[in-house]
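By letter and in written order, the chains are A, B and C; residue numbering begins at 1 in each of them.
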Amino acid sequence: MIQTLLQQIINGLVVGSVYAVVALGYTMVYGILGLINFAHGDVLMVGALVAFTAITFFQAAIPGLSPIVYFALGLMVAMPACMAIGYTIERTAYRRLRNAPRLAPLITAIGVSFLLQTLAMIIWGRNYHSFPQLIQTAPIEIVSGVFMTPVQMTTVGLSAAMMVGLVLLVTRTNMGRAMRATAENHRVASLMGVDTNGIIALTFIIGSALAAVAGVMIASNYGVAHYSMGFMPGLKAFTAAVLGGIGNLAGAMVGGIVLGLVEAIGAGYIETWSGGWLNSSYQDIFAFIILGIVLIFRPTGLLGERVADRA
Amino acid sequence: MKKTVIALAVLGLGISAAQAQEVIKIGHVGPLTGNIAHLGKDNENGAKLAVEEYNAKGIKIGGKAVKFELVGEDDAADPKTGTTVAQRLVDAGVKGVVGHLNSGTTIPASRIYDQAGIPVITPSATNPKLTQQGYKAVFRTIANDVQQGAVIGKYSAQKLGKKVAIIDDRTAYGQGLADEVDKGVKAGGGTVVAREFTNNQATDFMAILTKIKATNPDVIVYSGMDAQGGPMLKQLKQLGITAKWITGDGGCTGEIIKLAGDAIGPNDYCTQAGLPLEQMPGGKDFKERFKKKFGADVQIYAPYAYDAAAAIIEAMKKANSSDPAKYLPALKASNFKSVTGTIAFDDKGDIKNGAVTVYQFENGAWKALKN
Amino acid sequence: MNDISQAIPYLGKRNPKAALLVLVVIALASPVVAAMFGNTWVRILNFAMLYILLAIGLNLVVGFAGLLDLGYIAFYAVGAYTWAFLASPHFGLHLPFWIVLPLGAGFAALAGIALGFPTLRLRGDYLAIVTLGFGEIVRIFMNNLTHPVNITNGPQGIDQIDGMSLFGIDLNRGLQITEGFQIKSLFLYYYVFLAFVVLAVILVKRIQVSRIGRAWAAIRDDELAAKAIGINTRNLKLLAFAMGATFGGVSGGLFGAFQGFVSPESFTLMESIAILTMIVFGGMGNLAGVIVGALALSFLPEVLRYIALPVQMAIFGKVFLDPEVLRMLLLSLAMILMMLLKPEGLVPAQARYSKADLLGDKEIAQ
């Protein structure tokens, strides 16, 4: 029994750490612009599919390299591609609407999200693609009866590293200071000599790079890539960001992990707890229910930063 | 309104009078666009082959030489489009319909055919509900999910192991099949130790598989599509689960072999409604005729579409009329040998003795086991 | 009704009365014209009427009150399922339409309040995502409420739903006028749906210029200021949710009766987005625009099927883009481009009682 619980905790941690990385992207953009970048989840998907194409290409063009090299090559193509997409989205779709009424950028963001999905469907087709398994997936028994695979460990490790890196970037560098200033107040920041447009674009670029990594991680973990793979993780990551306190980097991390654990443990035990009335078919609504509860009772999130209706 | 109808009717009469032969239209519907367009085309070709072979024979109905014409429509596998094209076929005056491919489109469309009194025979929609709606002119030339689920359930319990866990994807197909598997397992003397659920967009099954692992099953049945089945097989391995695994026709594809990579093995089984082409009575011959005519290989259901069209034409011949109301009794009483076997329907319209084949993974492909 | 006449270009502005007359004629005659191309088109027209009802309802919430609702399809689902529960063999109930439809509308309104109440404090983005979650929760429950008691019949959906019966006329059977002349079922449904649309338009017109409508506009333009001048923003926002939901519920009930089959597949997020696109495309906050948008986008898939496919076949000899893909492409592009280039929509709202810019407050993002 305890093994099952431990295994569920590991399952939750792996999913949660992916949510956390994606949530960072939402939280950065929301912190600075007050905009839910609906398309963020779809940038993740593009990252995964670009990496898929790149890795397949390199495997055919330069055979015989170590799998890690292919993995790195895939990331090196996917990250710039996503950065370019993130920048393009900001420049063409969002920047012009920065001072527009509230609904306009939101509707545009939804449009961009669906546009990315449709374009991906046209380019990569509707089928699920088998993502090359470059990191070991053979399970390692940690405790008796509890398993974790190297790819899962990499996922957790990479996301921890990215979160630490991002926190350092934001708190310790001049660029980070400029980002925080812009988030605090655009106009004052620009009066103080901060290139706010540049900072906002940069935020999108960094967020998209993180999304690319998250996309590749998801794809290598599950071994599939697909045009609609980004939407649900995107929504859930947003929930994680709100749960932790949007605009707060540590909050995104905490929110992601908590949500991952809630989903895994919820799916595993809800049937027992509800006496058979509910079951794992409700797995996808935990996130939405948490989102509703947090926004209603504690809109500042677990760690708190911003008040929801003022943002 | 009325005038137009009369005008159109006059026009129609003019056209048919000008032709030497009477043309009888038979409709076909399947997705010709979208991600299963290749299957839709396959079905259409199957029906087309039947129509052309009967035309070549020179059929007389009511003393007149007739020519059959296949009117192909595309429902894009979408329920709403399905009803729209069904209406279009009714407008076009077809006398019978072969189709649709999916249960999700066939069920809503069947209401429209029923209102117009036109018989419809599906070669591939396996949802049992289709023939349970009480419509008099709905038929199916392939085994339905009740039959398939029963086979999966019994095969699991009797050949693979007593303790069975069932996962379904909460689609109409997956849930319907899983319920039948559940019954089949019990009928076969096994026990269902867990029923878990996922959805048709999911890629992470770790939580439910971990839960299933705790119940220590001999067999895991997955009732859903290949896109989920592939990753599921991988995750089974990652959790160190060694139970056997079996899935229905949604996962019985080449795609799942690609997606599962090295996680698929001889412990994995699947089932298909119908017989493999080489086991059908007229399969070998059909394969050659099909190849010669269309330059393509049979995908899956073409023989069943062929038989569906054949059933309509045979019934018209027997009743000596192309009027749906007149040939319907003959269709109900169909009993003739064709490509997939003997075509005869039970009182609901399902094929009698519909075959289901079990496959096992072997040397990189699904291999049919002898029944 | 002058607003509605704007749907006709040029004439609408010069001679609203004549334009209105033209509209009436078009509305009455369109199924007859459509039937000449086959009953398929009448069926599409019927669905278009349902979409108009939905778009009018969503417009109350988004266009008038400025509350972005991404889970609107949930109310449509509530209406459709109410009809399915009360008038089908599923529970063995066959209640008449004048009980079922108001009940469906009422349940939808309750659902609207249930969604509105907890989200009163939320605005903009947060509201959007919570409503999206609400829509998904409703759909997931409909897909799964089969155990231990079978309520919704899950993904199998409910079929054999009774059609509408009005004044003793069964709409599914058609109306036999004389021996040789019958008004077909499809036509009967069209005119019933049209009547609902006309009713909705009149109702919404009245609301728009009433105290309520003006208060909504005030909330939309600046909630704080609205509160300051004594508008009860809580009740009015709830009212907007409830009324919008009512339209969704009515439309859903009609859908259930017309289609005869409901399943959770019909109530996906994509449908919510499609309806939102209709009002964005036509012109938020403006009835004529909303109707034009709903009509245009409900005919789009069919038009694509008839034009895009043959054109691609003729030019390339094969189909590159399926109609469904093209539709998604055009919908998403429409959302982006309309917001960037013509945020007021195809048929912009009139300035009376509302700012030319109907999208909400001008407050700066921070």
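Just so we're on the same page, contacts are C-beta pairs under 8 Å (C-beta built on N, C-alpha and C of every residue); 3 or more make two chains touch, one makes a residue touch a chain.
Remember, it's a predicted structure, so these values are computed and weren't measured experimentally.
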item: Chain at maximum distance from chain A, centres defined as averaged CA atoms; value: B
item: Middle chain, criterion being Cα centroid separation; value: C
item: Chain pair with the higher count of C-beta pairs in contact (B-C, A-B); value: A-B
item: Distance from chain C to chain A - Cα centre to Cα centre, in angstrom; value: 33
item: Rounded Å distance, chain A centre to chain B centre (Cα mean); value: 40
item: Euclidean distance of C-alpha centroids - chain B vs chain C, Å; value: 35
item: For chain C, residues that touch 2 or more chains besides their own; value: 143-144
item: Chain A: positions in contact with at least two other chains; value: 279, 281, 284
item: Chain B: positions in contact with at least two other chains; value: 34, 170, 197
item: Chain A contact footprint on chain C (complex, rising order); value: 62, 66, 68, 70, 118-119, 121-126, 128-130, 132-134, 136-137, 140-141, 143-144, 147-148, 273, 276, 280, 284, 321, 325, 328-329, 331-336, 339-340, 343, 357, 359-366
item: Residue ranges of chain A in contact with chain C within the complex; value: 30, 33-36, 93, 96-108, 110-115, 117-119, 121-122, 185-186, 235, 238-239, 242, 276-277, 279, 281-282, 284-285, 287-289, 291-292, 295-296, 299, 308-309, 311
item: Chain C-touching residues of chain B, taken from the complex the two chains share; value: 1-2, 4, 8, 33-34, 37, 74, 76, 78-81, 83-85, 87-88, 90-92, 104, 107-108, 111, 115, 127, 129, 133-134, 170-172, 174-176, 197
item: Chain C residues within the chain B interface of the complex; value: 32, 35-36, 38-40, 43-44, 47, 143-144, 146, 154-157, 159-160, 172, 180-181, 185, 259-261, 263, 265-266, 301-302, 305, 309, 319, 322-324
item: Chain A contact footprint on chain B (complex, rising order); value: 34-35, 170, 195-199, 201, 203-204, 206-208, 210-211, 213-214, 227, 230-231, 234-235, 237-240, 255, 258-259, 261-262
